[in-house]
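Some notes on the structure that comes next.
Chain lettering (A, B, C, D, E, F and G) follows the sequence in which the chains are written, and residue indices restart at 1 in each chain.
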Amino acid sequence: MFRNQYDTDVTVWSPQGRLHQVEYAMEAVKQGSACLGLTSKTHAVLCALKRSPNELGSYQEKIMKIDDHMGISIAGLTADARMLAKYMRTEALNHKYVYGTQLQANRLATDLADMHQRCTQSYVRRPYGVGMLIAAHDATGPHLMETSPSGNYFEYVAMAIGARSQSAKTYLEKHYQDFPAASVDDLIKHGLKALSGCITGDKELDVASVSVAIVGAGQAFEEVQGARLQAFLDAIEVEGDAAAPAPAGEPEAPADVPAPMDEGIA
Amino acid sequence: MFRNQYDTDVTVWSPQGRLHQVEYAMEAVKQGSACLGLTSKTHAVLCALKRSPNELGSYQEKIMKIDDHMGISIAGLTADARMLAKYMRTEALNHKYVYGTQLQANRLATDLADMHQRCTQSYVRRPYGVGMLIAAHDATGPHLMETSPSGNYFEYVAMAIGARSQSAKTYLEKHYQDFPAASVDDLIKHGLKALSGCITGDKELDVASVSVAIVGAGQAFEEVQGARLQAFLDAIEVEGDAAAPAPAGEPEAPADVPAPMDEGIA
Amino acid sequence: MFRNQYDTDVTVWSPQGRLHQVEYAMEAVKQGSACLGLTSKTHAVLCALKRSPNELGSYQEKIMKIDDHMGISIAGLTADARMLAKYMRTEALNHKYVYGTQLQANRLATDLADMHQRCTQSYVRRPYGVGMLIAAHDATGPHLMETSPSGNYFEYVAMAIGARSQSAKTYLEKHYQDFPAASVDDLIKHGLKALSGCITGDKELDVASVSVAIVGAGQAFEEVQGARLQAFLDAIEVEGDAAAPAPAGEPEAPADVPAPMDEGIA
Amino acid sequence: MFRNQYDTDVTVWSPQGRLHQVEYAMEAVKQGSACLGLTSKTHAVLCALKRSPNELGSYQEKIMKIDDHMGISIAGLTADARMLAKYMRTEALNHKYVYGTQLQANRLATDLADMHQRCTQSYVRRPYGVGMLIAAHDATGPHLMETSPSGNYFEYVAMAIGARSQSAKTYLEKHYQDFPAASVDDLIKHGLKALSGCITGDKELDVASVSVAIVGAGQAFEEVQGARLQAFLDAIEVEGDAAAPAPAGEPEAPADVPAPMDEGIA
Amino acid sequence: MFRNQYDTDVTVWSPQGRLHQVEYAMEAVKQGSACLGLTSKTHAVLCALKRSPNELGSYQEKIMKIDDHMGISIAGLTADARMLAKYMRTEALNHKYVYGTQLQANRLATDLADMHQRCTQSYVRRPYGVGMLIAAHDATGPHLMETSPSGNYFEYVAMAIGARSQSAKTYLEKHYQDFPAASVDDLIKHGLKALSGCITGDKELDVASVSVAIVGAGQAFEEVQGARLQAFLDAIEVEGDAAAPAPAGEPEAPADVPAPMDEGIA
Amino acid sequence: MFRNQYDTDVTVWSPQGRLHQVEYAMEAVKQGSACLGLTSKTHAVLCALKRSPNELGSYQEKIMKIDDHMGISIAGLTADARMLAKYMRTEALNHKYVYGTQLQANRLATDLADMHQRCTQSYVRRPYGVGMLIAAHDATGPHLMETSPSGNYFEYVAMAIGARSQSAKTYLEKHYQDFPAASVDDLIKHGLKALSGCITGDKELDVASVSVAIVGAGQAFEEVQGARLQAFLDAIEVEGDAAAPAPAGEPEAPADVPAPMDEGIA
Amino acid sequence: MFRNQYDTDVTVWSPQGRLHQVEYAMEAVKQGSACLGLTSKTHAVLCALKRSPNELGSYQEKIMKIDDHMGISIAGLTADARMLAKYMRTEALNHKYVYGTQLQANRLATDLADMHQRCTQSYVRRPYGVGMLIAAHDATGPHLMETSPSGNYFEYVAMAIGARSQSAKTYLEKHYQDFPAASVDDLIKHGLKALSGCITGDKELDVASVSVAIVGAGQAFEEVQGARLQAFLDAIEVEGDAAAPAPAGEPEAPADVPAPMDEGIA
């Protein structure tokens, strides 16, 4: 308990050279429902588990469009994500207006990461509690990037974040060599199979609780919905071979944490 | 008691990735008297329990009109709600003036949620201690939305918030399939039946302590009052089938909390 | 003693969803000497107990005129009340100058309550430590409103605040059905009878220690003083039937609290 | 010792609804050497005990002229008093320049009290540690007012503040019925007799340690000095009948408090 | 140890009505080497003990000229004194430029004291840790004034401040009746005799460690140095009758305090 | 544990004259993966170990180009490094635009170090948690400089920073006399041999995990990649003579520190 | 340990009238490597010990030129020194530009000391952790001045600061009577002999680890380097008579303090 004195203010370093507040904000990401992304040579695909507060409410959106060539999937505080998405849309729009071209995905990811970084060095604002996967297709092809509360960002072939995402990561690492040449349909199927490892034991993926979106060469960012999505869900059930549920040893959120839905974590 | 050091300032994350101050503000919502909303394909209805400081005083208003096509019902700190309602009215008015059209309900809910979010990331202001149900009817039909101190918002078919609202939620979940096709009158009756589960044991719904408001296609936002409201109350008594009072196991506000009325919680 | 950590700064929520600083400011109101108000269909009356620092000093004013159609009676920190009264007078004056009409009582009460609310959400200023009863007569008839440090306000038929006000409230609840039709003189007598329950054991109401003011249809806000007030005091002594002194069980200010007069609490 | 946590910052309320910092500032007033004021129907008189740091230094001024029709006597922090007196002189001068008339005493007292109040609600400045008696004569006759660190002010017939002032107050309460009709000379004698109860045991009032000032109808604010003052001192010795020294039971400053002279308390 | 919580911030009052931070700043004055001043009817004289960091360094200046008619001697933090002296010189210069006359000593002392007072009421700056003796000669004759960290100032016939100054004060009190009629030479001799009581046991006043300055009618502010100063030192040795060294009972700086020279206390 | 009270805020000195927050920020540098630089008379070379979050992600960039004649390698918080690199690029660009010449490496290093220094004296921002090696070639020849969170910078012939860099330093100290006359190829080989001492036991340097960059006379800043890099790796394997792995006694990051990759430390 | 509560914020006085934060900053000066200065009637000389982080790095500069007639040697935080040197250069340049003459050394030292003082009275910035020796030659001849974190400054014939400087001071005190008439060469030799007492046991002064600079009549500020410096080192070895190493009783930096080089202390 003795290290606590270094973790109550983000501007304070611990003797071990760590910023505890940033690490804690990353816990909020781990409590969000899982989302993942994967890329072929031509397309990028996002898949996410949606949560609903209860039967009467709509599902919380997990995938948001930023521009025709770009979209995000989030895990963590929805309200923080909404603020950042708003910023991204404005940036993309401004770029299009000023330069007449689409904002490069890499450039926007850097700007976003810088915004995160500033909150880790400022006295005035807590770090954002949300992680993002950015799927984009621009002149340099399809991209999948992850940003985190620490102000870091990475480019990936495929990546999963959020609760129980370890299972999906294992699936993706096993199959990622197939992705570059995969068709869009295969990419989506791989994504859904990976995602099926992130749901709790007795549930199943269904049209209501899953979001899928694609973007790619000649394909504007678009969510795959309804019957089209159902077809994919049917297909992977036939194919089998989905990701195994999270193994017992995976570090889950502790049992006494209240259902994060109440606090706006999606 | 050891986690306390993370909950005295809203800008501080706990090691579990939680913002305690936001959670505590949500407690104020749970202590407000219950209100609920439900929607058919054409209308949205709000019902709320009103509290009176004592026999000599007027009842605290629980339902406020924002614009002709929109109104809210609140649970939590009345003073905070008043500030936010004022903001909403100004926004709605400005939109009408600038664009000549009614502000879309969804847009206003986002703005409101952003205002909440800012208070969860700022050093300077505590989070607002009020939850809202927004009932609106616009070009996209009737809507029911909930905003919370966390800066989150959801759209619902039907929803109840505030003290002892679990009982109402149970009723709504049981009957919600009847709502889309229901007439306005039936919607109101469903609302009142659900609400009757939120009052304490020996009391009964009456004209003075209940607020009902409707908005819908061809129906500007309007409170249902007096004889018209009495008729509905009489009708549901005849029909029976109201929500059961809150079960023993429901997490109520602890007994030693003072009557929240004194502190401006409605 | 464990909840203390949440009550040293007004912007901090306690785990129970309470704002302790606001509650403590309301204690200052409870320590002020009692004042009350009551309304008929045509008039509103304010009655208050005045305190004097000692024999050589003037009594502290408890009733202040805001405008021709409006006045207030206060309980709590006099210095805070003076600042707020100054604000109210300016608002009323500005409204008259700009619109040529009298500021509606309801509107001013809202503005005042908003000013209170801001102090409950700000880092920079403590909440005001004063409660007010506003008596007004405008186009919509006579009004009696109460504002409190929490930023809440209510409209009442009759209300009493301050030390030992429970006894007055009991009297008012017992007789309030007579008020709407009562003459101004009867209203004043009711007010004085109710007020007589708020003085400590062996003292009696007299011209020096009681303030009475009226406002109504065709009656500008005016204090009732001297012989006219004495006549009322004589009358209620003849009539008897005054409020019983505060019962033993009433929550008084603890005995070890110093005489609040020294600290500017009136 | 448990209430301490509420008294380290002026903007914080204690659970009993008290502002401890304001109360502590009032302790500084109680440690200043005594001063008093009294009024007849035509004049106001100020009397004060002066302290000298030692034989080599001038006595600390306790009475300051504000304008031709107004002066003050102070108890508490001299440096704070000097700042406030400067403010009062500027206000009086500005008023004379702008309106061509003398600033009404009551008006200035309110402004001064408001300045005190602001320091009790602000984070940035401690409350002023000085009490004042204002003697003035304006169109409404002679006035004696007291302001205190709490932002409160009172009008008095006669009043004494500062160390051992209880004895003077007792004298004034015993004789105040003689004041309205008293001549200026009698007023001064009453003041000096009352003041003689505030000096410690074996000392006596003398020309060096006493300040007396008068203001009234046709009498600009003026200090009574030298032979004229000596005559009054001789007279009261002959007359006897002075105030008794402070009784044993009076709450004095605790013995272990250092001589406040060193800290600028006069 | 229980009063500590009130002494860590200058804006906080202790329950005894004291400002501990101001008192602590005055300790820095008591640790500075002694300086004193004395006045006749025509002249004012300053005498001070200088300290040298070691044999290789110049002595720290203890007397500073402000204007032709005014100078100061200081005890306490040299760096603070330098800032204040700079302010005084600017004020004196501006006054001469704007009004064509010399700034009255009294006026400057007030300004300086106000600057001290502001630091005792502000959150942002600690109180200045320096005491000053101001010697001046203006239209109203010679003056000796003292300012202190508390924002207080006094006029004196003669005064000594700093370490072991009690001995000098005793000498001055014994002889002050001779000062008004004394010649400048006698004044200086009195000053040096008083000062000789402030040096530690076995040392003696010499030209290097003593500063003397005079100002008066027809005498611009000027330091007495070299042979002229030596003559005075020789004279007082012949005359004898110097102040006794500080008696055992005098409150000295505690033995464990490091040599204040290192911290810039002169 | 007693010195902790001096290390929670960067503006506070410890009694030993240390700034603990700066020291802790330097711990973040020690946790970054190793990078090193070395210079001959004509060229400067940077070598760095890259980390990858997992198999699916790209490696974190450790070497960044600033201008044609300058680049950096970093150890510590990537997000902080990105902000500083952005600043450096802007400075270099501005200089070229304004003066038409390349910004001297020394000048930029000073600016950067000043930026670090400001964060060690400011209340508002934590010190940057990143160390940098700057390799540049300008009119004065090749340069290697190191900047650190303390605001210090040094010029070196060769230097290594980051985790397990002690082994590389030992290699560099052993061979540095060969560097001035070495060819670029030899410099790179020396760099890779030194770097091979910084990897954990059973791993080996490969094209994916190593970054190499050169700058020099007639050689713009350029990364050595792919086959060209593989050739160097093959060559050093043949030559042998690489740095020994870190000795057991080297102060490593404690075992219980989580993999720093998660927190954006590269 | 009980006095700690007064040393965590520079604006807070301790009960003994001390500013602990200033004292702690002065500890950083004591940990810097030694430097010294000495003056004849015509010249001023600075000598300093340089430290190198390790064999591969350049030595940290200890002597910096400010202008043609002025230079400094520093002990303490290098980064702080760099900021202050930059300020001094700008001031000197501005003065030359505006007045066409060289800035007087005394004037610059005052400005610098004022900058230090401000950091001892401000909330926002820690005191600078560096001491300086200023060597200058202007119209009033050669000067040697010392500034310290406390905002104090002194003029010296000769002075040494930094780690183990006591030994050098002892040497200087023994020989300072020879300095005024000494030739530049003799001054340098005296300086080097004094400096040799500040190195740890078994090391020796050599060209790499010693900096020497001179300024004087007809001699612009210039470092003595290479062969010329070696000649002096050879000469003093021949002459012997150097300062004795620091005696055992000297207060050294405690053994457990890490090598200050890492933290930028030079």
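Note that a residue touches a chain if its C-beta (ideal position, glycine included) is under 8 Å from a C-beta of that chain, and two chains touch if they have at least 3 such contacts.
Treat the numbers as computed from the prediction; the structure is a model and nothing was measured.
Number of steps on the shortest path from chain A to chain D, with steps defined by chain touch: 3. Averaged C-alpha coordinates give centres for chain B and chain G that are 71 Å from one another. Spacing of chain E relative to chain F, judged by their CA centroids, is 57 angstrom.
Looking at chain D, residues 9-10, 26, 123 sit in touch with two or more other chains.
Around the ring, proceeding from chain C in the sense that reaches chain D first, the chains are ordered C, D, E, G, F, A, B. Across the complex, chain D meets chain C through its residues 2, 5-6, 9-19, 22-23, 26, 110, 113-114, 116-117, 120-123, 146, 148, 150-152, 154-159, 169, 172-173, 176. Against chain G, the residues of chain E that register as touching in their complex are 1, 4, 7-10, 20-21, 24-31, 53-58, 60, 77-80, 82-83, 86, 123-129, 253-254, 257, 262-264.
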